[in-house]
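See the structures that follow.
Each of the two complexes below includes subunit A, the first together with subunit B, the second together with subunit C.
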Partner chain A sequence: MESNQSYWQENLRLILICLVIWFVVSFGFGLLLVEPLNEIRIGGYKLGFWFAQQGSIYTFVGLVFWYSSKMNKLDKKHDVEEG
Partner chain B sequence: MDELKLYTYIAVFGSFGVYFAIAWWARAGSTSDFYVAGGGVTPLQNGMAIGADWMSAASFISMAGLIAFLGYGGSVFLMGWTGGYVLLAMLLAPYLRKHGKFTVPEFIFDRYYSKTARIVAVVCLIIASLTYIIGQMKGVGVAFSRFLEVDYGLGLGIGMMVVWVYAVLGGMKGITYTQIAQYCVLIFAYTIPAIFISLQLTGNPIPQLGLGSTLADGSGVYLLDKLDMVVTDLGFKEYTTDNMGGTLNMFAYTLSLMIGTAGLPHVIMRFFTVPSVKAARSSAGYALVFIALLYTVAPAVGAMARLNLMNTIEPTAGQNMVYAERPQWFKDWEKTGLLKFEDKNGDGKVQYVADAETNEMVKVDRDIMVLANPAIANLPNWVIALVAAGGLAAALSTAAGLLLAISSSISHDLMKGVLTPDLSEKAELRAGRIVMTIAILVSGYLGLNPPGFAAGTVALAFGLAASSIFPALMMGIFSKKMSGKAAIAGMCSGIGITMLYVFQHKGIMFIPGTSFLGGLEQNWFLGISPNAFGAVGALVNFAVAFGVCKLTGDAPAHIQHMVENFRVPKGAGEAHAH
Partner chain C sequence: MNKHTKLALMVAPVLAIGGYIASDFWVEEQANATRIFQMTPENSCDVLTGNCVLLAEDFKLNIFDDNGKTTINSTFPLDTATLFLVDKNDQATSYQLQMSDSPYYWYRQTPLRATISQVGDTHKMRIIATIKGGQYISEFYTQTGSKG
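After this line comes the complex of A and B, so read on.
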């Protein structure tokens, strides 16, 4: 049980990190900070516009895989794997 | 029969043949097959199936059109409908899979030890799913009537029959494997025209890069700059900065779509089909990859379609298209009534401007953009035929997932769970099939005679999922002490306030004239549109639930123990009924 507690704490910390990134790329860069970011350009894209229509989605994909691989390691570390 | 029609018949009926073959191969033999495909779906397969399940007629047909006319404002759909998967992957899917039951209301029942909670969840699920299904059925009817020129009702009937065969025969198992095939059809049909158009306009075959490239006409101007220039010249808002009702509204809208996405039961159910918690986590990742493939192409499709449309009407500034010389696709869509021209100044030319007084394109329906796009860009006929098959695949796959969510919540949660607990497995399987048949007939009827509120229903589906199901599930996992009473109070007040807000601005049951606060923007609470209110409903749900829990006491010890148990993957088995 002791180990399950710290497993859950570490999981919560990981989720928090992911959700902060999730929030920053979409609501932050794509919405709240879109105007200053639009001053910067990558190719034909204004940066804020790019985050809103492209960048945030790429980041989401990366986040889910990163979380998934981190959790697999965490499962092993705390010996709570299935099977 | 002309060439285009022939190709369209081949593409549509060829794809149907594939779905039937899969349905026969993947017949369901047990309730476990029927509800969760026997729990043996791999993460990659599940990811594809979730992609098809999720991407509906709305994603395939409507979204790029919305983006084409909303510009930057359309970003709420792109971020909202993908960002929800981050929440799903981290906050819900692994734990629901670990708990290992067949349906969402069943989890709610176990966690909140209350039949009332289960029934509330069933009601939310059925309303959300049925409203959603009407749109799919309409999509099927439109695709048939436009591309095969058969009667709308007959097209709808054919679509219903196809879904009936593989969903009723195969249950979740049949649906899963047909959805994989449907994903392939729809993504192919969506990206091929986009690649062609991107190549034509920018010389770059990858639409995601083409959107940020310079035009291929040798001018060296970036595509998006050109588009901004063209639309602002005609008095429209600048494409890349037009922010749909302000930042707060976009914020709430995006959040509502994200939370709603994570709370839609037909998507959550798909996570019960994988063999392990690990697989549930990674299938969320694969699902998002497959969804992102379409969602990152969509903004390119939208912007390029808008530019092509503008260029067709006004090839060079001041030189407008002569109406008598309009292209064939223009005539085709005029026939459907979705495109309308009125020569207000009588010069025989087409003026398309933002000012309603002088604008002569009196109707440009957003939904035609994806379907008309290949024709506007003069693409070969087989590409246009593909788009028809893709639109049908998108609508059918989503309809099947929704039908399964409805039928399982009735046969498994209401009948087996509440009304007749001694139902044998065989009888339950038969009940599931009968309920699904009825659900298909009901949704077909609603597709044929869409109720007056059909247009507003997507908002309602997302609002319900966001304000009731998502918070209840999340608190059930992350707050051990959350009690049944508190969760029910939270769900009811979340739905209550969301429905009240939607109805007070859009009319009771969307009946015009009954909106007691008016649909006008200045009456909106903090400028938040009714479609974006689900996020506020969710906040109310959380607040009420925690308040009631403080006042009435925590969940009993054995429930808290159960929560501790499904927080860790160890000991997960196949999804089961008891």
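After this line comes the complex of A and C, so read on.
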């Protein structure tokens, strides 16, 4: 029972981290901080614009695999992995 | 692909679309906020020959007169456009322009050409163009050149 709770708490923590990163890159970098970030140019692109157009999507894809990897480790730790 | 990858792949697009919708609301709200932009003439202004371009960052407004029909052409679609002709006593007469075929072109018959028909004539003008909450304003002089 305690192990279940610990597993769930750890899962919630990972979800919360993902949501914070999701918010920061999409809303934060793409909108709220777009002007200061546009002062920085990478490969000719304004950074704020890049985050709004592509960067946030790349981060979302990265988050999918990061979350999956962390959860797999968590499954192993709690001995509930698949197959 | 295990259950966590599947779940994350299902949730990610929902969050991405959620972010897109939230961003749209935010940008719409920002656009409707009242802001005033001062436009300045790009160079010496002669409305009668069409050499009159006002600038405010990316926004450009060209003012020209064709046989008494004073027309403005903007780089962004306008919601409203009002032209003011200011006489020597600093009294302004307003002319609410009407949209032409597209919101990029606005026009109205004005006495401007008759007023400054001679070479060297000048006239003070003002303009207010609105795009959502943004008001693009300018006060400038048009001077009739040799080709007027």
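Methods note: the second predicted complex is superposed on the first by the 81 of 83 C-alpha atoms of A that agree within 3 Å, B and C clash if a C-alpha of one lies under 4 Å from a C-alpha of the other, contacts with A are read in each partner's own complex, and residues count from 1 in each chain.
Methods note: a contact is a pair of C-beta atoms (placed from the backbone, for glycine too) under 8 Å apart; a residue touches a chain by one contact, two chains touch by 3 or more.
Because the structure is predicted, anything quoted here is derived from the model rather than measured.
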Request  = With the two complexes superposed on chain A, say which partner A:63 touches: subunit B (first), subunit C (second), both, or neither.
outcome  = both
Inquiry  = Which chain, subunit B or subunit C, ends up touching more residues of subunit A in the combined arrangement?
reply    = B
Inquiry  = Quick one: is A:43 in contact with subunit B, with subunit C, with both, or with neither? Answer first, second, both or neither.
reply    = first
Task = Could you look at A:27 and tell me whether it touches subunit B, subunit C, both or neither (first, second, both, neither)?
result = both
Task = Please identify the positions on subunit A that touch both subunit B and subunit C, taking each partner from its own complex.
result = 19, 22, 26-27, 30-31, 52, 56-57, 60-61, 63-65, 67-68, 71-72, 75, 82
Task = Within their complex, state which residues of subunit C touch subunit A.
result = 2-5, 8-9, 12, 15-16, 19, 22-23, 26-27
Request  = Please give the residue numbers of subunit A that touch subunit C in the complex, ascending.
outcome  = 19, 22, 26-27, 30-31, 52, 56-57, 60-61, 63-65, 67-68, 71-72, 75, 82
Note = Residue positions on subunit B within touch of subunit A in the complex are 67, 72, 74-75, 78-79, 82-83, 85-86, 89-91, 94, 208-209, 211-214, 222-225, 240-241, 243, 247, 250-251, 254-255, 276-278, 281-282, 284-285, 288-289, 292, 295-296, 299, 564, 567-572
Ask   = Which residues, counting only subunit A, touch subunit B once they are in their complex?
value = 1, 4, 7-8, 11, 15, 18-19, 22, 26-27, 30-32, 34-35, 38, 42-46, 49-50, 52-54, 56-58, 60-61, 63-65, 67-68, 71-72, 75, 78-83
